[in-house]
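Dropping the structures in below, format is structure tokens.
Note that chain A is present in both complexes that follow, paired respectively with chain B and with chain C.
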Partner chain A sequence: MRSIDGAVLDLKRLDLLATGDSIIHRLDARAKVVTTLFFIVMVVSYKRYALAELTPFLFFPVITLALSNLPISYILKKIAAILPIAIFVGLFNPLFDREIHAVLGPISISGGWISLVSIMGRSALTVGSAIILIATTGFISICHALNRLGIPRVFTVQLLFLYRYIFVLTEEAARTTRARELRACGKKGLGFSSFGPLIGHLLIRTWARAERIHMAMVVRGFSGEFHSRQINRFGRNDYLYVIGWSLVFIILRSKDITAILGAACTGLFS
Partner chain B sequence: MSHHIVEVKNLQHVYADGTIALKDLSFTIHHGESVAIIGANGAGKSTLLLHLNGYLAPTVGEVRIGGFPLTQETLPEIRRTVGMVFQDPDDQLFMPTVYEDVAFGPCNLGLPEEEVRQRAGEALEKVGAGHLAQKPPYHLSGGEKKRVAIATVLSMSPDILVMDEPTNGLDPFSRRQLIGLLKDFHHTRIFTSHDLDMVIELCERTIVLHQGEVKADGPTIEIFNNAQLLAECRLEKPLSMQGCPVCR
Partner chain C sequence: MHMADALLSPAVGITMWGVTAGTIAYCSTKVKKDLDDRKIPLMGVLGAFIFAAQMINFTIPATGSSGHIGGGLLLAILLGPYAAFLTIASVLVIQALFFADGGILALGCNIFNLGIFPAFIAYPLIYKKIIGRQPSPTRLSIASIIGVVVALQLGAFSVVLETVASGISALPFTTFVALMQPIHLAIGLVEGLVTATVVSFVYTARPEILQSAVESRPLGNISVRNIVLAFLALALLTGGILSWYASKNPDGLEWSIAKVTGADEVTGTEQSLHHVLAAIQEKTAFLAHYAFPAKQGGEATTEIATTGKEGQDNSGQLGTSVSGGVGSLLTLTLAVLIGFFLRRETAGTRLKAEG
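The block that comes next holds the complex of A and B.
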């Protein structure tokens, strides 16, 4: 199962990137989480034909990416991986929405095409910013940040456990499917009917493991309350980061900067 | 009264499905002793270990740790006293980073942060894993995981160390490293293992379990010299006592 193994390795790589050091890495996780969430809300809040207005929002991922020393091609590949889903979401827009919205010389562009491209642009922006957030902060710090921002501990602890055991469980699943494939000798084996017991076994093993983990926790005095360290401090840079970007987003959202710049340019040349 | 004494009296355990795992076990382990519990698969070793920290309750009989019986009131203190290291370190390392895992126990004991940090640091240094503190457990090798798992227990300052198959799945170097580490401990130590060569090196006393009963209890060397007993219990002499396969 190259795909499962590969997916796990990929997650690990994203996690390792978060151990890097840059001005963005050093910011408090809460600052990055709040700013990214605000960015996503702003990008999503546009009407469906918005396209030109969205372009200035590219600044946020581009600047954070540039400041964080992340491998750009890797991040772009991650973003490209979700674009097919975005295309699928807007696939029928050009068919149903044929009202002409713009004319470029001989080509007239319908609203459907504009909304399709807008969906793709928004997906790239939001997913890109989320990936950059994870790659500069790390999943664990994000969970702690969410917790300190008031998300109930029950949820963040669940997320942390999920993240810890996703590696163990996917490895277990990969081993089982590999064993099945090897004995299927390149054929389909018993087809779908063999997957039922396989998934059943995995579930039972997962259950047994959950019990052993619980035992390990109880033995070390766990009584239902998680005590975690609060290490990071919200500093001047963090305030600047949150307030600075929020102001930029609000200005971009309230004024159509692209149109103003466009008007200024055409005014200049006419 | 010493905290380091383990007394098992007429212990019997029957699982919910009717399987009789332990039949009438009795033994006492004294302060500072290093004892191996060996036996075939299904002899009841793991079931016995789970009684030592109160995870399983006896169907009949009694387990006393440091003179105290295992009851709801004594359970928290007994769980601190008996440090248990599981066979699969992945079950034991569940926190996001090694440090948080080692600090998990002391935090639950309600210790102040400064002391938690000191204990976690000392425990990690003791097993030679200080440099791994900030790593997530899934980035560690098998040997590293095992040593960190031991540190998670050491940070609670246990008096009795219980380990299930400590050398299982380790490469020769990591195994040697672990044996060296365990030799240095002065706790009361209880191991279960199929690694009988490790048993010779670490334990002066051995308890042989067979079908839920104590078949023999005595000095390790005596037990390993009793060929008939070993054969009856589906065991054999450790390789180091078998002589050279080439010269033989």
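The block that comes next holds the complex of A and C.
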């Protein structure tokens, strides 16, 4: 279980990364959202045993990562953190899918192992691209982008609220649990009997807080939506980014670049 | 039970995105019609509450493991189904983006599995029916526990359906069901119990919160018939889309799904681009031709066995696994080199700009 403070720090770190400045940071959020989504759909559209074909898709996260000045080790750690989950969900494949698909010298490889590795690769690619998206764009810009892409305002406005108050409430939850752990002296007291009232109190405090927030906002003229000062224009770079990458993905999806490269190479040496 | 992108096929992912986006649009207009602008901050703050509360654990007696609150039904009880659905969806959006808890393409599935069932099945059909007009602590507890368990069972079952329809996991349907349902029965009982204690606590401490939630809701009396009809329509739509794809191609659902959503578009573009890319295609064809005899007459240290049923599937990448492996290595090296180079370049220009 991850500690609450750790989770909050993690969230803040991702949020701070988005305030950086680079070519990728300066792109319109819509361009990045659409491209990332298209990337994920393309990666996921491969068949169960696809492995080598997936590798060229690494270019997208690697290039954006390199251009965006994000701390590489941090992003890699975030990706590595989800791989155990990917292994867990793919673990059944080697058990159920034992048909031999490839023989490498004395070792025969079943389809299940290939698909397990494929699932891990897919996970790394899709999660990596999502993390890069959030770390170069920031949540608030993503919300505005979603809005301009047609998601209802009610939804995005309360999404922004939720994001803002996650920081406040997780810190409160962290203080509460710290107090509880300090008084629990070991394990007893972390049980169920104290849990219900604890959460209940947190809920009631939250409710009261929401009422205060609402009053304060009404006083300041809140009418159901946020207005943002910066108006992002969908410029030339944004078009280039979306169209360029989409073309690359389409070509990669339709032509097995890896096989072509490999074939050219093995052909060269034989 | 957050699904990841890696186990999903585009058809399932996009269909569920469509279903979820439609529901979000519908709920948004409903919430807007409510004309209670108090609700929007309340939704956001309660969503953050669920987020924070899920980080607080308690130890489950005699097991050593720990549990936390579920949240779906609790939100429905506090906010009503429409606002609750939107809030659950937002919590899942943030979990997907910041904690990689569930994928982005899988968001549609996750919002459906964890949002629809508590908000539109468990809350109106179970919770509301059990507590009736006169809520009492016992009724609230029983209603919460049963509601959470049913919602979670349905959610777990649709995880199974979505995963099997995607065809990336090799887990057979029956095994998967036999694994998922009991596990989620246990989780549901624990989460239901927690929800029940929290709801009872709120009922004793601030009964007006629950009361106002019950009263201000003309949506509380959604008829069973409408919900059943809506689900029937949804099932027909989904089934219709999937089977249409499936029947177009006999090579199995999974294959055709991938083909239609991903590759159809691709082949279409390829066709239109054909003349433009003619030269490149010629070249690649030449390369492929050039390599094939080399591989077949190869040193036989690496022998490829493509087996019967999956034969067609594999010939694409396993039949060329030698060149595939070499190609992968090349691509990886190239990717890393390009990344390194770009990094140095951008760092260089930045230094120049600063200096």
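FYI, the second predicted complex is superposed on the first by the 260 of 270 C-alpha atoms of A that agree within 3 Å, B and C clash if a C-alpha of one lies under 4 Å from a C-alpha of the other, contacts with A are read in each partner's own complex, and residues count from 1 in each chain.
Methods note: a contact is a pair of C-beta atoms (placed from the backbone, for glycine too) under 8 Å apart; a residue touches a chain by one contact, two chains touch by 3 or more.
Every value quoted in this text rests on a predicted model; they were computed, and no experiment measured them.
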Next item on the list: Could you tell me whether chain B and chain C fit or clash when both sit on chain A in the superposition?
Entry: fit
Check: Looking at chain A, does chain C or chain B touch more of its residues?
Finding: C
Next item on the list: Tell me which partner A:L9 touches in the superposition: chain B (first), chain C (second), both or neither.
Entry: neither
Notebook entry, point to check: In the superposed arrangement, which partner chain does A:I82 touch: chain B (first), chain C (second), both, or neither?
Noted result: second
Margin query: For A:I140 in the superposed arrangement: first (chain B), second (chain C), both or neither?
Written below: first
Notebook entry, point to check: Roughly how many degrees, to the nearest 10, is the angle at chain A when you join its Cα centre to the Cα centres of chain B and chain C?
Noted result: 100
Notebook entry, point to check: First (chain B), second (chain C), both or neither: which does A:R209 touch?
Noted result: both
Check: After lining up the shared chain so the two structures overlap, which partner does A:V219 touch, if you call chain B first and chain C second: first, second, both or neither?
Finding: first
Margin query: Which partner chains sit in contact with A:F161 here, chain B, chain C, both or neither? Use first/second/both/neither.
Written below: both
Notebook entry, point to check: Quick one: smallest Cα-Cα gap between chain B and chain C in the superposed arrangement, Å?
Noted result: 9
Notebook entry, point to check: Can you list the residues of chain A that meet both chain B and chain C?
Noted result: 160-161, 163-165, 168, 209, 213, 217-218, 222-223
Notebook entry, point to check: Which positions of chain A touch chain B when the two form their complex?
Noted result: 12, 15, 140, 143, 160-161, 163-165, 167-168, 209, 212-213, 215-223, 225, 227-229
Margin query: Under the stated contact criterion, what part of chain B meets chain A in this complex?
Written below: 50, 53, 55, 76, 79-80, 84, 86, 88, 90-92, 94-97, 100, 103-105, 107-109, 113, 136-139, 152-153, 156
